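Read from first to last, the chains carry the letters A, B, C and D; within each, the first residue is number 1.
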Amino acid sequence: MSLDVAILGGAGLVGQVFIKMLDAHPTFRVKVVTGSRSAGKIYGRHVEWKIWGDMPEYVRGMEVAPTEYRYLKDVDLIFSALPSEEAKKIESYLVSRGMRVITNASTHRLDPDVPLIVPEVNASHLEAVIERYQDGFIVANPNCSTIILSLFLKPIYDEYGLDEVHVVTMQAVSGAGYPGNPSMEVMGNILPFIPREEEKLERETLKIFGEYKDGVFTNAVFRVKAQANRVPVIYGHTESILLRTSKEVEDLEELKKILLGFHGPPQEMGLHSAPGNPIHVVDGPRPQPRFDAFREKGMAVSVGRLKVYGDGWISAVIHGNNLVRGAAGGTILIAEYLTKALG
Amino acid sequence: MSLDVAILGGAGLVGQVFIKMLDAHPTFRVKVVTGSRSAGKIYGRHVEWKIWGDMPEYVRGMEVAPTEYRYLKDVDLIFSALPSEEAKKIESYLVSRGMRVITNASTHRLDPDVPLIVPEVNASHLEAVIERYQDGFIVANPNCSTIILSLFLKPIYDEYGLDEVHVVTMQAVSGAGYPGNPSMEVMGNILPFIPREEEKLERETLKIFGEYKDGVFTNAVFRVKAQANRVPVIYGHTESILLRTSKEVEDLEELKKILLGFHGPPQEMGLHSAPGNPIHVVDGPRPQPRFDAFREKGMAVSVGRLKVYGDGWISAVIHGNNLVRGAAGGTILIAEYLTKALG
Amino acid sequence: MSLDVAILGGAGLVGQVFIKMLDAHPTFRVKVVTGSRSAGKIYGRHVEWKIWGDMPEYVRGMEVAPTEYRYLKDVDLIFSALPSEEAKKIESYLVSRGMRVITNASTHRLDPDVPLIVPEVNASHLEAVIERYQDGFIVANPNCSTIILSLFLKPIYDEYGLDEVHVVTMQAVSGAGYPGNPSMEVMGNILPFIPREEEKLERETLKIFGEYKDGVFTNAVFRVKAQANRVPVIYGHTESILLRTSKEVEDLEELKKILLGFHGPPQEMGLHSAPGNPIHVVDGPRPQPRFDAFREKGMAVSVGRLKVYGDGWISAVIHGNNLVRGAAGGTILIAEYLTKALG
Amino acid sequence: MSLDVAILGGAGLVGQVFIKMLDAHPTFRVKVVTGSRSAGKIYGRHVEWKIWGDMPEYVRGMEVAPTEYRYLKDVDLIFSALPSEEAKKIESYLVSRGMRVITNASTHRLDPDVPLIVPEVNASHLEAVIERYQDGFIVANPNCSTIILSLFLKPIYDEYGLDEVHVVTMQAVSGAGYPGNPSMEVMGNILPFIPREEEKLERETLKIFGEYKDGVFTNAVFRVKAQANRVPVIYGHTESILLRTSKEVEDLEELKKILLGFHGPPQEMGLHSAPGNPIHVVDGPRPQPRFDAFREKGMAVSVGRLKVYGDGWISAVIHGNNLVRGAAGGTILIAEYLTKALG
C-alpha cells in the first residue's frame, strides 16, 4: 500500500526531519509541503537546511503550499509539524472536513477525544480513532521529553508499578525550534526553565499510561514531578530520573533484563521506523548526547547509571533524540502502526 | 590580629582562588605556597594563571615550596587545596606536629574527629577543635555541591524539617580541576557521571546537619539521593532540587521570606568573606551560571524556580560558585570564624 | 562641567553597555533613554539585562522614551546605539535641529562631513565638527573590528608606513546584538561570513587613517583585505593580521617597544575612559578572549604572536572588547575628548 | 589483491579513524593493532571509543600488541598513527628491516628520501619509493591543515601559478588528539597558537608542490605564511585564505569552474577512498564545520566565500575533515594509490 501524505510546517526544524525520514519511505509519499513564510516558494531555493545530512532531492523542486484545506484535500494522511498557535487554527478544521491528522503540535494532546500515543506504550489507545477512521481524526504525538520518559517507564510500570516519578531534564537547543535560543543565552550556560515543558511532562505522561475504555481516556494515578533545563547541546535530551515503584525493585540485574527485553507492537509488527530495541542499556559514564543521540537512527532511548536505593526508589539517566524519536520519528511511527493495523 | 598562613597545592585551580582571595586579606598573610611539580620554582614565572582576573602581585616573586612540614612549621594556619591522595599523605602528619589545617580535600571529611563545616549551617561543630586548638587539628570544607545544597537546606530544615532530598547537579568543568575534562568530552555534551560525587552529596550533607555532642558527631536522619552531571559551563554549579519536608510547606511566599531572611554566624559576626545574604532568591528563568556565579563575589547561593507541590514536596533550582563558595571561599570563611571565635 | 545626555536604543546590547559605562560618569548624566519596543515602559521592569554585572540603579526607574526629537531637545549630547536602519531615519534630523550626535551606528560613517574617530588615532579629524559645534553634527564611532585594528595599526603606520593589511577576524556573538545568532548556528561551529563586515573593515580603516584638510576627508592609500568569521565566543573579537609595511620592520623587539610606547590624545589628556595603555603586548599563546577581553575595563587592545618575516611582512594576533572599546566605550571616549577639547 | 596491514598507535584518535575506515576495506585487512598503554589488552574492553559511530566488530576481540618489529614482521603494509616522538623511535627501524610504512606522524615528513604525498596533488613523487619497493620505505601523509590547503591550491597552481599564500586556520580540538585541549582552555575561547603548526603549513606545502627528479625533492618557490588558531569545534578545520597568483585571476566564474573540475589520479583510478570530487564549491555563508566536515565521508574539501580582488589577490574560506582527509583517510588513500600503481 502507498499513501499520499502532506507535511504541515515543513520548513521548520521538525518539518525538515519529517522530510528527511519520509525520503524513500515504503508507504508514505510526500505530496504536499506547507509553510507560512515560505508559501509559494520553491523549497530547495528558499528553505535553508538546518539539520544533519543534505536536503533530500525529492523536495528541492516542490513548491511550498499555504497551510490551507484546499491544498490538502487530496492526500490520505497529514503530518503536522505546526507551531501550537497555528495548529489551533487549522487542525480541527481539517478533521471537520474528514481528514486524518497525526500531529506533533501540543494543541490537542489533552483533548478528550485525541489519543496521545507512544506506539510501544499505548498503541491500544488508537482504537479510539480506528472506530471513526473514515470521519477524520487527530492523533497526537506527545512532548519530546515525555516520549523518551514514557519508553523508559513502560517496562517498569508493567513489572513493578509506579508510585512517584521525579524527572530533571537537560534538553538540547534544537528542541526549541529555529531560531530558538539566542547563542548568548545558551553558550557556556544553563537555562533552568523551558516554558510549559514541566506541565507537559507532568500531565501527558499520565494520559499515555492511562486507559481508553468506552470512549473515555482516564489518567494513570502515579505522580510525575518535572524540572526542565535547557543546556548547550545541539541534539538529544538527557533526563535524570528518580522514581519509586509500587512493588520494590530488589535486583538491579533483573531490572536491566526487563529493560533490555522490552518490546512493543512496533517491534512485533516490524514497522519500518521501529528501532530493533526501543531501550538500550549503556554502561559507564553514559548515555551522552555525543554518542547516543543517534542510536538506531535516533529512534531508541538509551538508559544508563541505573541504581537501586533499597528503599523503594531507583535512579537512572536516560537519553533520546528529541527531533527523531521525540518528534518526527515518533509521529511517523504512529502513522505506520495505524496504517498496518488497518491493513 | 594577623596570622601567617600557608596554601598547600597553591598552583592548582582551587589554590589560585585561595591566592586571589587572600590578596590584601585583613587577617591572613600568605607566607608559604606549596606545590609538587612547581616546587622550587618562582610562582610568577612558572605557574600559568587559569582563573579570572590577574595573578596578584604578592605571589609573583614567591618561590613554591615542597609540601613538607619543615617549610610549614612557622605558619599559624594551613589552607589545603591538595588533591585527595596527596592530602592523605601529609595532612594527618601535620596535625601530629601540632598544626592547624583547614582543608578543601575530601580525605578526612568523614573522619570521626573532623568537623565538616559550612559556617552558616553548623559552625557550632567547631567546638570539637576549639577544645584542642593548641594540639593541632583538621577542619574540613565539604564538597562544593554539598556546600551549595546545605546553605539552601538550612533555613528549610530549621523551619519545616527535612524528610527526603533529591538533587540533580549540573556542574561546571572548573570543578574537575585543571586540566580536568578534555574538551572533546564536554563541548556540546553532558557527562552523566562524576566519580564519587553522588556519594559525597549523600553522606556529607547528613554529617553537616547532624549533631556534635560529647565528642561525637551524629548524622542527621533525612535521606539525600544525588545524581551528578558535568555540563559545558566554566564556573558555577546548578542543582535541581526536589525535597519533602517533615512539616508541609503550604505557602510559597512564606518559604521565600524564610530563605531571604536566612542569616548565620558569619553574617552576625561580620566576617570579612561572609556574603551579606547567603541566599539570594531570583525571579524568572534563573539562576543561571552567566549571571549568578559571582553574586556577592561568589559567596552567595542563588535560588529560583521555587514550586510548592501541595503533597509535601517542593522544588527549586539553586546555583553557587564551585571555586569560591564551594572551595577556597568556604574554607577561608571557616578560618575567619575560627579566628574570631577564639578572639 | 556636567552635560546632560541621551542614549538612543538604550535597551539593546550596546545600549546597555552605554548605561553601564555612564553610571557615575564624572561629566555625562543620562537624562533620557530611548527605545522602540520598550518605549513607554519602565526600564528596570521591562528590559532584560543581558551583559555582565547588574543593571545600574539609576536607570531602573527611568521611563523609556520613544526615539523622537521632542524627548531629546533638552539634552546637551546624544549617544546613539540605534540599529543602522533606525539611525538613518532620525540622526540627520536631529542634526538639522542643532543637536550633537555621537553614534555607534554604521549609517553615516562614510558621509563626507562626518568624522569617523578613534581618539588615539585621528582625534584631529574632530576639527571638522568643532568648527560647527553650535550647529549640531554627527561624529561616528567606527565598526568594532575596525577600531581594534586601527589602534594596533596606528604606531606601525607612524613608524613604518603601511602598504597592505590582511585581516581575518574571529568575532564574538555579542557583536551581532541580541538575539543575534541562533545557538544552533554558532555552537561548536564557525560562520565564515558576517554581512557587510568585510567592507566596513576595508573602507573605514582608510578613512580613519586619511586626512582632514580644508573641510575634506581624504582616504589613506594602503590596502586592507578582510575576511570575517563568527565564532562561539561571547565577548571579544580576535583578529589575525598579516601586513606589509612601507619601510621594512627589521627588529621584533623594536616593534614591540613601539607598540608598548604608543599613546594618543586620550592618554595625554587623562580622559576618564581612556586606558592607561591602549596597546598591551602579551606573551605566550595569547591574546585570548577569556583572559584579555576586559583588559583595562575593556578599553585596551591586546597584541600577541608578533612575527617578523623578513620580506616586508609581519604578523600578529590582536584582541579587543567589541562592546566596550569597539562600541559604547569608544563612543564615550570620543565625547570625552570633544568635551575636553572644547573646554 | 588483499594485503595484511598493521595500525601503529591504534588506540588514539587517529588510530580509531584508521580502524573505522579499514572496516570491510576491499584491499587491506587489519591484522595487528599496536599501542603503548593499551598493549597486551583486548581492544574492545580496554579502549574507549572516542569518535563518531560505534567501534567496528572486527577490532573488539583483538589484543593490542606493543609497537615492536616482531609483532609486525608478517604484515604487508604498516599504517602509523604514532605520536611524533614514538614515531622517531620505531619507524626508521622498521624500514631498515624492509618494511613499508605509510605514516601520519610528522617525524619524517621533511626527510630528503621521504615522499610527502597528497595523492591528488603529487602522486608522482611516489616514484621515489616505487623504485625501492622491496627494500622498505616511509611515505608521509602531510599535516592535516596542509593537506586541506594543498587540495585547494593545486588547480590554482596549475592554472595561474602561485606567488604568495596567506592562511589563517581555525582548527578543531580533535586535531590535538586525546585528551588534547582541556575544556577550560577552549570552551567559549580562541587559542591563537598551536605548537609547530604554522611551520608545518609553511614548509610542507612547498615540498608537496615541489619536484622529484633524479632522486631529489626540490621545494616549490612560492611563499606560505600561516597563523594557526584552535577553536571550540570538534571536527573539521576551517582556513581563511588570501593568495596572490602569478598570472592574475580575472574572472570569478572561471576560477569556480577550475575548482569544480579538479580531479587527480585517485579519481581517475577510481580508488576506494577517493572522493568523487576532491573540491566542493559551496555558496552562502559556507563552508561550516557542522555541515561540511563530513562531505564525501570526510574526504572532500569545501571551498566558499571566493573573492577576486582585482589586484592579483583572491580570497576564500576552505574546510576539511582533519581526522579523515587530514589524517587516516589521506594516509589510506596514499596506500590505495601505491597498491594500485604497483598492480
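Just so we're on the same page, a residue touches a chain if its C-beta (ideal position, glycine included) is under 8 Å from a C-beta of that chain, and two chains touch if they have at least 3 such contacts.
Worth saying up front: this structure is predicted, and the values here are computed from it rather than measured.
The set of chains touching subunit A and also touching subunit C is given as B, D. Of all chains, the one whose CA centroid is most distant from that of subunit C is A. Once the centre of each chain is set as its mean CA position, subunit A and subunit B turn out to be 41 Å apart.
Subunit B and subunit D have Cα centroids lying 48 Å from one another. Residues of subunit C in contact with two or more other chains: 187-188, 232, 234. Within the complex formed with subunit C, the subunit B residues making contact are 187-188. On the subunit A side of its complex with subunit B, the touching residues are 166, 168, 170, 188-193, 223, 225, 227, 229, 231-234, 238, 240, 242, 284-290, 304-305, 309, 311, 313, 315, 317.
Within the complex formed with subunit B, the subunit D residues making contact are 50, 173-174, 178-188, 232, 234.
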